[in-house]
Amino acid sequence: MSMAVSLHDVAVRRRGKSILGPITTDMAGTGFTIILGPNGSGKTTFLKVLHGVERISDGALEWSIPETEARQAQAYVFQSPIMLRRSVAANLAYPLQLEKLGKPAIAKRVSEWAQRIGLSDALDRPATRLSGGEKQKLAIGRALIRQPKVLFLDEPCANLDGRATREIEALLLDANQRGTRIIMSTHNLGQAKRLATDVLFLLNGRIHERGDADVFFAKPSGEESAAFLKGDIVE
Amino acid sequence: MSMAVSLHDVAVRRRGKSILGPITTDMAGTGFTIILGPNGSGKTTFLKVLHGVERISDGALEWSIPETEARQAQAYVFQSPIMLRRSVAANLAYPLQLEKLGKPAIAKRVSEWAQRIGLSDALDRPATRLSGGEKQKLAIGRALIRQPKVLFLDEPCANLDGRATREIEALLLDANQRGTRIIMSTHNLGQAKRLATDVLFLLNGRIHERGDADVFFAKPSGEESAAFLKGDIVE
Amino acid sequence: MNDIWSGIEAAFWLVITLDADLVDITLRSLQVSLTALIIASAIALPFGTWLAIRRFRFRRAVIATLNALMGLPPVVVGLIVYLLLSRSGPFGVLGLLFTPTAMIIAQVIIITPLIASITHQAMRELWAEYHDLLISLNTSKSQRIATLIWDGRRTLLTAALAGFGRAIGEVGAIMIVGGNIDNATRVLTTAIALETGKGDFALALGLGFVLIALALLVNFAIHALSRTEREGRW
Amino acid sequence: MNDIWSGIEAAFWLVITLDADLVDITLRSLQVSLTALIIASAIALPFGTWLAIRRFRFRRAVIATLNALMGLPPVVVGLIVYLLLSRSGPFGVLGLLFTPTAMIIAQVIIITPLIASITHQAMRELWAEYHDLLISLNTSKSQRIATLIWDGRRTLLTAALAGFGRAIGEVGAIMIVGGNIDNATRVLTTAIALETGKGDFALALGLGFVLIALALLVNFAIHALSRTEREGRW
Amino acid sequence: GTGQALRLGQAGDVDAILVHSKSAEEAFIADGYGPYRREIMYNDFVFIGPQDDPAGVSKSGNAIDVLTRIFSASSRFVSRGDESGTHQKELALWADADLDPNEFGRWYNAVGAGMGASLNTASGLNAYIMSDRASWLNFGNKGALSLLYSGDPVLFNQYAYLPVSSTRHAHVNVDASEALEAWMTSAAAQKLIDGYTINGETLFIFNAKPD
């Protein structure tokens, strides 16, 4: 079962200032969408709107399946990781506890995922005391542990070293291959090229360009996206 | 006047676990030192120890000038930016207010630096509502506004887009040329190569290798540093 | 000043000799206040937390009212409870007037708004931190409340202790609904009021110091217990 | 129940006719409690904040004691203040007994620990957030305290309102040090206690409802004022 | 109560006191806190109880009889229990009846409170209580209670005026205290006191001897 979402004239305004939209678009399929755009262009806001944690001021957003089901099947990795004030293990277990899984099943999944994200040694440590990169890994593990149908990631590798980045990328590609729809923002163009099946380029809160990854990276149609890819000034 | 710091058997332990050290080293001169190392290797802890915000469990740290003077002449950009619950302008003004500068002087410096970090349009916005990248830029501006003699930065460009990264790099190089000693951690090897005069490679809380940037990047002496530079597994 | 000294002396002798009456009223004080605290916390902690996570039309008005209710004059609470429980009142048949139960009811009414207000304030910060995550994980209202209370339990200590403090030191309401009946509803505070009325300030102060010592004891015990949890902030 | 209705009726008539006595004691209540609140806040806000930012040997003990002091029984506070201010006491020459000043002193003692405790709890979170930055900027102790109080002013509202609530509803202490003297130290709560003693429940309740209305008014006013600051969390 | 008033006088926090407990007053003077006591007026104590009067108090011949009937019926009784003038009077009466409240069962409630609060308790418990007439007549929460017995001369309750000694407390405002005493013993005061009625009942009888 694939989930699709369609946005119609969605806009977000805060304090009278428009920070996103109006955006009209569809996201379907099982691809790996990368959101690109300069700082403050609205990537985080766009991801949060899709996920339903950011209130929209205008327009409508609709999932192809009933809303409660849609929400249950999603997970999100926030730009600055949110740690529960508990141990690493308890953070990983939390989403499973919400689903009322049995204790042994939870323990098994937790140790499995701690392994995958490389935090097996840290299970008893308070999550709030982890290093920046460790927090990001934990947040990614906690999002993947429920095996979501749709996964949103907001610059998940910003604080990761080379090895961790590659390991996380492998995890994400693996999940994607198993059918998880991934929508992710990043400033790391190399990463974007490695992962994306399609790209969405945001500028000033609007979708400026959208297309298949190959095409976008080879020959961006807009001037601004081309400049952005070159790391140039984008106004 | 140049400031030097010497560490003698400095160690940091938390909950019985050693997370840094023992480290014995000197940092002098006016160079641009880049701290490298995998996630959890102790980069943040090391920077905080140097700056004096992390309590050391063992050993001694000494500045070449009296401590109060040394502390007054430093600034720090934290890995996850700490925003005062005030407007962007008030955040920039805060360090200057502490020094009891006159209002007009403050206003001038604030608008100047807002310009440099590209947040002129955001001066009245609450700092806590900025986007991830905007927060990082603000934190960097707030650190530079007092024109410190020593500047610590902990992955300051992790959430910045290409253009902002280059602009910040230019600001940092400029400050360094004017005599500010910079000690910065990053996971972006490209950035490290662009900026470093010397490199310090941390592993498991210890200094594993240290040397001039040219030499380090061209021919790292340790196996682990070589592997790290290739993005390989480092244990 | 002499009186204060003789008060301390009186407290000393009361405690040293383990005066039977004193033990009796002290235990009753503890029983009434701790029961009231438990009931009030069971109401106020979830309610205060709920207020922190819920946005609704009259939220600000509810919060302002709650804050105002912290100023409920104990005498008025006592009166209303008296009227409700009195023979001619709606709950008269229960025969609760002038029993410890009546005193507990009055204290619950007095301390619940206080605990709920402090809880609400403490939980707002934690909710701001957890908001996105808990919404993202599609938690139910009650799961959110439970998570916040659990992870914020250390900060909620102040709320509970403020409630306990207010309960253990309160006299106006329990005097009216309890009646300060010897061997039945006399507690430390009503005994203090009685001795004050008699002009026996030394004994009154002595009982007062016992009460303060009791409050200190309870607080230190709770702090010591919460310390056995591992150190540091989560 | 009838009594409660006649209480509401009494409150209605008292307010409608702007009864001169009522206006007088209401204003005195406000004056005493607000003055006590201002003085107590001036002590407790910096002190509670200081406790949040300072690590020292007996920190936990001080905090536990402060929390325990929230349970200071008003009657005991009243007694001690009485003994200190009494003619034969150390401050007798000041002639403060049975004046509003004496009542303010007693209330300050009662509400300062409450405000300080809540402040401490609220400021701990903010300090955890600001800690590294303020240390890094090499701020002085007083600059840290000032910054925390200013940036946390919205959360400190609850602390101040809890203190106000406790002060405005308090009767045990001010009865002893103020003496409930007509036209001099009679306030709403002591008047309520007086009417209760007379068994005039309607009037007592009426005054009680006026008091509650007053507390509501003050709270709504403060909330409205703090709302004029721009919306949202900082 | 009387005890607290005496304490205020001892400390010199008031210039004069008006109380009703002869033995305590005499001790106050013997200890030098006041130069003399002057009787001003008296009222009387009355027995209050449930309208249906289960102990049959209204049929009593004298105060002792009232207490004996309450004791025999073990009817609920509320005692001030605060060593006030009223409480001491009540204890003296029990002693006269050869009964010891310390041995009474749960029907005897020593509430340790002022007259008003005790009356509220009695009203809530529907119990017997001894009160001074003024408090009873002023009392608003009568509930099912009514006045059942009064009139025995042993129930008379003398109020006395005691100025606070100015040799002990130099700051005492003697002029004001004397002026008040003069007024309280004057014909004008007599008229006011004797003329003060509630529901047509006289509460106090002026008995100050003129200078």
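Letters A, B, C, D and E mark the chains in the order given here, with residues in each chain numbered from 1 onward.
To be clear about the criterion, a contact is a pair of C-beta atoms (placed from the backbone, for glycine too) under 8 Å apart; a residue touches a chain by one contact, two chains touch by 3 or more.
Model, not experiment: these values are computed from the prediction.
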{"item": "Chains touching both subunit B and subunit C, listed by label", "value": "A, D"}
{"item": "Set of chains whose contacts include both subunit E and subunit D", "value": "C"}
{"item": "Pair joined by more contacting C-beta pairs (A-C or C-E)", "value": "C-E"}
{"item": "Whole-Å gap between the CA centroids of subunit B and subunit D", "value": "46"}
{"item": "Whole-Å separation of chain centres (CA-atom averages), subunit C against subunit E", "value": "36"}
{"item": "Gap in Å, rounded to a whole number, between the CA centres of subunit D and subunit C", "value": "17"}
{"item": "In subunit A, residues with contacts to at least two other chains", "value": "129"}
{"item": "Numbers and ranges of subunit C residues touching at least 2 other chains", "value": "176, 193, 196, 201, 233"}
{"item": "Multi-chain contact sites of subunit E, meaning residues that touch two or more partners", "value": "114, 117, 120, 123"}
{"item": "Subunit E residues touching subunit C - in the complex, by the definition given at the top", "value": "1, 3-7, 81-84, 106, 109-114, 117, 120-121, 123-126, 143-144"}
{"item": "Of subunit C, residues touching subunit A in the complex", "value": "129-130, 132-133, 135-139, 143, 147, 151, 232-234"}
{"item": "Touching residues (chain side subunit D, partner subunit C) in the complex", "value": "1, 3-4, 60-61, 63-65, 67-76, 78-80, 83-84, 89-90, 114, 117-118, 120-122, 124-126, 128, 155, 157-158, 161-162, 164-169, 171-172, 176, 188-189, 192-193, 196, 201, 204-205, 208-209, 211-212, 215-216, 218-220, 222-223, 227, 233"}
{"item": "Footprint of subunit B on subunit A - complex, ascending", "value": "14-15, 37-40, 43-44, 79-80, 125, 129-134, 137, 154-155, 158-166, 187, 189, 228, 230-234"}
{"item": "Contact set on subunit E toward subunit D in their complex", "value": "11-13, 114-117, 119-120, 123, 138-142, 169, 171"}
